[in-house]
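Labels for the chains are A, B, C, D, E and F, by order of writing; each one numbers its residues from 1.
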Amino acid sequence: MLETALFIGFAMVSIAIFLSFLRLIKGPDVPDRILALDTLYINSIALLVLLGLYFQSALYFEAALLIAVMGFVGTIGLSKYLLRGDIME
Amino acid sequence: MTAITLLSFNLPIAALLPFVGAIFAAWAANINRLASAWVAAFVTILALAFLAPSMAMVFAGETLIQSWTWMPVIGLEFAFRFDGLALLFSLLILVIGLLVIIYARYYLSKKDSMGRFFAYLLMFMGSMLGIVLSENLIQMVVFWELTSLTSFLLISYWQHRQDARAGARMALVITGGGGLALLAGVLLLGHVVGSYNLTDVLSAGELIRGHDLYFPILVLILLGVFTKSAQFPFHFWLPHAMAAPTPVSAYLHSATMVKAGIFLLARFFPVLSGTPEWTWLVGGAGLITFLLGAYFALFQHDIKGLLAYSTISHLGLITLLFGFGTQLAAVAAIFHIINHATFKASLFMVAGIIDHETGTRDMRRINGLLKYMPHTAVLAMIAAAAMAGVPLLNGFLSKEMFFDQALTASGSSVWAWAIPILVVLAAVFSVAYSLRFIHDVFFNGDPINLPKTPHEPPRFMKIPVDLLVIICLAVGMIPMFTVAPILAVAVAGTLQTTPPEYSLAIWHGFNLPLLMSFIALVLGVLVYTMRKRLFEWHESGMAHWDARIIFNAVLGVIGAFANRVTRSFDKGSLQNATVWVLVTALLAGFIGFTTVSAPLFGDRELLPVDGVSVLAIAILMVASVLTVAWHRKRLIALVMLGVVGLIISLMFVKFSAPDLALTQLSVEIVTVILLLLALYFLPQTTPKETSDLRVSRDIVIALLSGVGVTLLAMAVLTRDFAPISEFFLLNSVPGGGGTNVVNVILVDFRGTDTLGEIAVLALAGLGIFAMLQGMKLHAPAQDSVGRIWNSDLHPEIMQTLTRLLLPLMLMIAIYIFLRGHNLPGGGFIAGLIAAVALIVQYLSNGIAWTNDRLKFDMHWVIGFGLLIATATGLVAMGLGYPFMTTAFTYLNWPVVGKFEVASAIAFDLGVFLVVVGATVMSLVELGKLSDQSHQAQPSLNGSTQSTSALKSQQETN
Amino acid sequence: MFEWILSALIIIGAFFTLVGSIGLYKLPDFFMRLHGPTKATTLGVGALLIASALYFSFKTDDISLHEILITVFLFITAPVSAHLMAKAAIHIKLKQVKRTQNEIK
Amino acid sequence: MKTLFNKILPHPVLTLVLWGVWLLLNNTIGAGHIVLGLILAIFIPWLTSGFWPEKIRIQSPFTLLKFLGVVLWDILVANMSVAKLILSPNKNLKPGFFYIDLDIQTPLGISLLANTISLTPGTVSCDLTEDRKQLLVHALHIEDIPATIKEIKERYEAPLKKVFTAC
Amino acid sequence: MSHLTAWPVFLPLITGFILILAHMGGIRLQRAISFLAVIGLVLLSMTLISATSTDQYQVYLLGNWTAPFGIVLVLDRLSALMVLITSLLAVGALWYAMTTDTDKKGAHFHILFQLQLFGLNGAFLTGDVFNLFVFFEVLLLASYGLLLHGNGRLRTKAGLHYVVINLVGSTLFLFAVGALYGVLGTLNIADMAAKIAIAPQEDLGVIAGAGLLLLVVFGVKAAMFPLYLWMPSAYANTSAPVAALFAIMTKVGIYSIIRVHGTLFGDEAGELTYFYAPWVLGLGLVTLFLAALGVMAARGLREQVAYLVLASVATLLIGVGLMSPAALNATLYYLIHSTLIAGAMFLLADVVLRGRGDYEDRFESGPFMPNAILIGSVFMIGAIAMTGMPPLSGFFGKVLILSAALDDTWFAVIITVVLVSGLITILSMARSGSLIFYKTLSKDAVVSSKPIEPLNRMAFIAVIGLLLSSPALVIFAQPITAFTEATAHQVFNSAAYIEAVLSTPMVTEANK
Amino acid sequence: MEWLISLAIGVLTATGVYLTLRARTFPVVLGLTLLAYAVNIFLFAMGRLTVGLPAVIDKTAEAAQYSDPLPQALVLTAIVIAFGMTAFLIVLALKARGELGNDHVDGLDVESNHASNKEAK
């Protein structure tokens, strides 16, 4: 049961990652790509949670947490670059 | 053990004394102008005095050897030898040296630095003594090259003169280069004989002549000889060396340095001579030189030029004698060495007097000096007559012996008739130029337009000439009572056997040599009388033929070649350099692999593939290809790079490496922020400027690299191996006190790596700090498409909520830090998280605001981090254990319960601090750059330039 | 029963994650696409994390609630990211679909 | 006494939150971590107090809780409808921008409002005017702009304003 | 286990962070600390030299973990010698930097300097390949900072090239080390050698490939053809004391080849025994020839000295490539000579530059510089030493190498290339010396916006001091060659090295 | 799976190499970063690939059931070092941009490059 659910879960998240990546490629503008990257980060969290369940290991938590943190920082950095060029001023 | 007497160490003293004297001579110039000359003369006499006691031994037929170990690994000894040959040359060097010193003291003008001159001269004298006194051949080469160096200094003594500089350099290159050939020859010789000591070499003639290496050895040594002794085709440096002050010419270019080559011929005569190769090479070079020198001497207008070519000719004569290879020829050669030294040194001195007194050396202007300086004229005439081989003078005796040898030594050859004829021809020219020297200078009407009115020089300037001319006469008239004993020991020293029978009588009856002398004298006079026509003929053709032109052309070609090769390889292009490195690496891997015959892949079982991995890795590959494809749009390339980094972190998670994933994630973001900070100051796009050819080349290199690395990875991954890692897994808990083996490796098993790594980070931070000091760049006021930046510096919502994140992220950092020893995490990752937490504050609140609230100087954070990390290691040292030995224990406190305390944690704290300090320092300093740049904008000139550069950049895009 | 709840949560979570990415992929302009990821963040990852928390709480002796942290963190940060991206998009005057009401130029 | 307390515990709420965070992170309520967590929860706010010049004051904790409940519920419900919107053909969507005039003025309040708007599916807060008076919101599909504005103001802004009043 | 072994590594590190903490304390404090530390290093390394005279290996188990599991420092004659040369050079460079105020031209000079020494000494002492990589990175990053210290267009450009090339080099290093680990499963040099000795035939291809890749890495550091392109302009454009200190940088590459390749592919390596040596020899010869042409083509004194350093490195590569104890002995002797003299020459080039105003060190007629005779004489001595003319150490170094080359089948080529290159360098140095010191302009013809600085006598001491090593190497040739000969034999005895490293026991309460 | 990873390393290397050979500083930095990624995965893979194994010591598992920790430690070191290097390089690139007036790795602009070529001829 759980196996099947996980399998479906992996499949859906994989498709999600694939679609996000397609958007990243298509753009067409920089914000679209930043958004797609941000989404990829969040998709990755989903993927890691599934992996944690699949391997029954709690060790994926930190990675997921860190992806959340770092994805955010990356996104605001890139956005601020578009806004101001100078991201630390 | 022999008792230490003067005779056990006098030779090196004599050879080194002039070098010490040189220092004193240079220093003495501070006292008064003449003190240097006195020092030089004193040193010369002292050296003679040191040698004197050993002379008796030599006359008694003994050879004195004094040696000390120096570099035993290659058989280099500090070894000296005093035999007849050395004795003869030492006397030449010292006696003529002394006369030259006396002469030079009067010759040099007030403008010339006496200290420098005599210091150089003494150094040269020491070098010459070194050559002739050396027992060890390498040591001899040392002194040999020293004569090249010191002669460079002496020839270029008047360094303001172009011809002096050029002449000195030419002499250095030719003789120094020959010295290098000599070195090669000596090395081979030593290799063949098994020793560099002359005693051994001289007794191994048979072995050497029979060896495969005989011919290369001979050629290399002869290169040394011919260059030094100005033999064809290396003769041309000598006339150009005449730019030297005349005492130098008298000393170096008549009596000593040019004789060093001859000395070497004599030295190796017993070892190398007696083969057809020797005869052809030595004899051939000697004969050509003899002729060539005599011919050109006649047509020189410069007195010293005439003497220089005459010297070349006489050196050729001596060489030819050695080339004959007979013992009697060697006797004649040595005899002529002595004679040439005396008459030629005196002639040079005369030339110097004339130059000194008339202000010119051009014989077309100098005429009829007999009436102005009769005494000098007489001396000159005697010496010149000796040079011409006029009877009753020393030159005549050795020339007779020479003619005799020319007739007998070549007796068996097919060319037997040629040699005597050519020899006489050369002698004819010798007579002619000697006659010209006398007639053109001292007679031949009145001087033309001389700068000075000539008169006799100071008395002491003539005394050396007087003495030399007296020797010419004495040897010429009573050879048995003057030169005979020295000649005898010199010959014995040269031949290393009992010398052959020879006679030094003035009169040998009417014989063929006498006839040859007579023909030479008569025809010589005849040639001189026909000089007008000969000069015209010469000027129309031969005069333009100068080896110097070839020399300079060769140098020019070499120089141009050097330039072309250097600039076409070292283009100053980074791309070029990188291509070389990459291509070499590819080749190295390939060549290395194919060195042995081994299969590329092993047969280890491979892991199965799953869909998620395929997708992730496909994305990774596409993203990295797109990073390249879109690299011209820099921001987008950066976003693609972000994808690559993210997928790599996920891979690390997947393949059971959570620590790596965490590190990769944090580093990735910090890198992106860093690149964003930098990108602000850089063009937003990359122009298309490389040619298609270059692009295709790079693509090929890139593909080959990719294929190479893939194959290398597969080659390893398909093999089994037995790593040392089991030790870490087994000892991590009992030995390191942590269950996270990766962290225990980092802080304990391989803590030194980590120490180095934080040093790298610290250096990066400090280096960036140092680089950014005072740096100002153009801060663009608009983005790449010309939009003015958004006016909202710190969007409120971001500001408010990210402040909330700071404590949260610090909490996470501490959490990651503390668990690191047992679970994924540790000082690095924690440090990066903490750094990111701070950087986020800078991003959303600005530098000024954040710095106000964060009162740490990051220098201190880095410094304390290193301090703590190192101190942890040092504590162990204090307890008698090696650096970095860790300890841990479990404490059980009330309420809190049982917990672990490990010194590795303290180390990790150091790591944490350095990571935080260095990361924040790097990024914040970079962030400050814009502030500096904004402030600097209006006033700075450079910024307008860089603005225009930027504009042109954008136009190209 | 427990497995059922878990499976449902996993599928719900994965589904909303997918929906978010579908939105990102198919919607016609940047501002509309911006709505996609919020789905992924909120319900998608939220549900998955709850599944994880439940799973580890029941599979092991200890309760596991730290997944909540990630959710909270995402709830704080995702809107901020979205806000900034939108702000940037407005700044650089990204085009919107024609039918957008109160179109910003 | 109060100033000393203020110095040690500049932000008691934050301390409580962090304490909770620590225990969550470590997934434990072991005695050791309770002590360590408390120490850290006191230490970190003290360390970062400079970043928090103004004091956070929560006027009405109950309103806050109720607000959180509402938001969570909205997220759940709205997600479903938005999922339907996304999966339906694009041409059915009526996107739009609108400004909300803000009554709430505290920075934290505004930020939380903006966040709430973004979190609840269908709307994203895009920009805050520089005078902090208006919030620009984008909606994925909007039929009646004034009604939506009104709903946002009542459902989210009002309780938030009540919770965060002071500066 | 003597802690002395570890001190050359940690003394500069400790000095480094003390300097970081003292960076507010002003330049005089920093100078005092820095200089004292360097002097301490000299004394320390002299002690280490005498400690190695028994031919014992001093293996220091960092963290008290035995090899191959932990990282070990191995002190033998070779590493002690390298540490000594480094510290002597450092004294000269630092003295010059302080007396000319070069250290004030930018931030953190002394910190970077000390950490550079940390990296260098670590690289010389470590017995672990990955740790060698780490120390390489330390010394590189420090060198990046030092290279760029001060300012200037050309310096920045050269720095950029230097950094990028070295980053590529570091990447290759990791590929090579990774592949070796992947096959051998270990990182300790001795252990790797032991494992190569018993490696199955089918693994040898990968090992050899990785081995040559590693040679490329060291070749980049050692400035071996065709990998040296970063080098001439980097050396020519940095500040003088840094260039002087950098004289040791190329030797790190040489040392690494001797140590790593010499041990991994030593006598026990079966089919792979010294398989790399012919490449080193051949490329060394090419390098030497190109370096000589570079010396001739140089447009300024500093560039010329840089190419001379390249030539000396090439000579060392030839010595290494000959792969015999005699050749290695020669290499080590020449290494001492070339390092210290190169240091002196870079400083001297700076002295010249300062005395010529706008004309700098370019080969063109310039002003008659203050103290020209003194500087010119010293220049001549340096040139003699550098070009390998007698009676200074360069000559004897070359003679040692050539006499070792006589046993090689390629001896004719080697002798020819060495001597012809030598001649070209002599010719070039004669030209540059006479241009700079002889062919001077009259006072009126000199136009210089930069001041013509009088000779800084204090700074000149550093030049003289370093140059004195050349006569010293000649006069004390016997003890020095005795040491280098013993060193060469020790290096060739890789079995003893392996044995010593792998058998050193942990420190326990009982044996400490 | 090994082929997949090796290919990924290969692609990263190839792209990294290509960018490293570009003429402007920024792509070079990107290229070196890609190369660093490639070598990190390579180094990591040298411990052989394992999936789903415990990352920390667990009393129930045996040594063979862990992934090789040593390459992981090495990669961690390498990552951090590469970061330090990248940081330094990018700031150096800025310095070069400031002092040389453009961001060409040799400090040449396209036009000025042509000009100097002509001059040389």
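The rule we apply is simple: a contact is a pair of C-beta atoms (placed from the backbone, for glycine too) under 8 Å apart; a residue touches a chain by one contact, two chains touch by 3 or more.
Quick caveat: nothing in here was measured; it's all calculated off a predicted structure.
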Worksheet entry | Chain nearest the overall C-alpha centroid of the shown protein atoms | E
Worksheet entry | Farthest chain relative to subunit D (centres taken as mean CA coordinates) | B
Worksheet item: Looking at CA centres, what chain is most distant from subunit C?
Response: B
Worksheet item: So how far apart, in whole Å, are subunit E and subunit F when each is placed at the average of its C-alpha atoms?
Response: 27
Discussion item. Quick check: how many Å separate the C-alpha centres of subunit A and subunit F?
Written reply: 23
Practice prompt. Let me have the rounded angstrom distance from the C-alpha centre of subunit A over to the C-alpha centre of subunit C, please.
Written response: 10
Worksheet, complete the sentence: Between the Cα centroids of subunit C and subunit E the separation in whole angstrom comes to 58
Discussion item. For subunit B, give me the residues that contact two or more of the other chains.
Written reply: 572, 574, 578, 582, 638, 654, 658, 679, 709, 712, 716-717, 721, 723-725, 728, 750, 753, 757, 760, 763-764, 767, 771, 783, 790, 792, 795, 797-798, 801-802, 808, 812, 823-824, 923, 926
Response to the item:
Note: subunit E residues in touch with at least two other chains are 130, 134, 137, 141, 144-145, 148, 157, 160-161, 164, 168, 175, 178-179, 181-182, 187
Practice prompt. Enumerate the residues of subunit F that touch no fewer than two other chains.
Written response: 20, 25, 28, 38, 40, 42, 45-47, 52, 54-56, 70, 74, 77, 81, 84-85, 88, 92-93, 95, 105-106
Worksheet item: Okay, what are all the chain pairs that touch?
Response: A-B, A-C, A-F, B-C, B-D, B-E, B-F, C-D, E-F
Worksheet entry | Of all residues in subunit B, those that touch subunit D in their complex | 791-792, 795-797, 799-801, 803, 806-808, 810-812, 814-815, 819, 841, 852-854, 895-897, 899
Practice prompt. Would you mind writing out the residues of subunit B in touch with subunit F in their complex?
Written response: 572-575, 578-579, 582, 606-610, 613-614, 617, 620-621, 624-625, 627-628, 631, 634, 637-638, 641, 644-645, 648, 651-652, 654-660, 663-664, 667, 670-671, 674-675, 678-679, 681-683, 686-687, 689-690, 698-699, 701-703, 705-714, 716-718, 721, 723-726, 728-730, 732-733, 739-742, 745-746, 750, 753-754, 757, 760-761, 763-764, 767-768, 771-772, 775-777, 822-824, 828, 915, 918, 922-923, 926, 929, 942, 945-946, 949, 952-953, 956
Worksheet entry | Complex interface listing, subunit C residues touching subunit A | 3-4, 6-8, 10-11, 13-15, 17-18, 20-22, 24-25, 30, 33-34, 36-37, 40-41, 44-45, 48-49, 51-52, 55-56, 59, 64, 66-67, 69-70, 73-74, 77-78, 80-81, 84-85, 87-89, 91-92, 94
Worksheet entry | In the complex, subunit B residues that touch subunit C | 783, 787, 790, 792, 795, 797-798, 801-802, 804-805, 808
Practice prompt. Using the touch definition up top, name the residues of subunit D that touch subunit C in the complex.
Written response: 21, 24-28, 75-76, 79, 82-83, 86-87, 90, 93-98, 114-119, 121-122, 124-127, 136, 138, 140, 142, 145
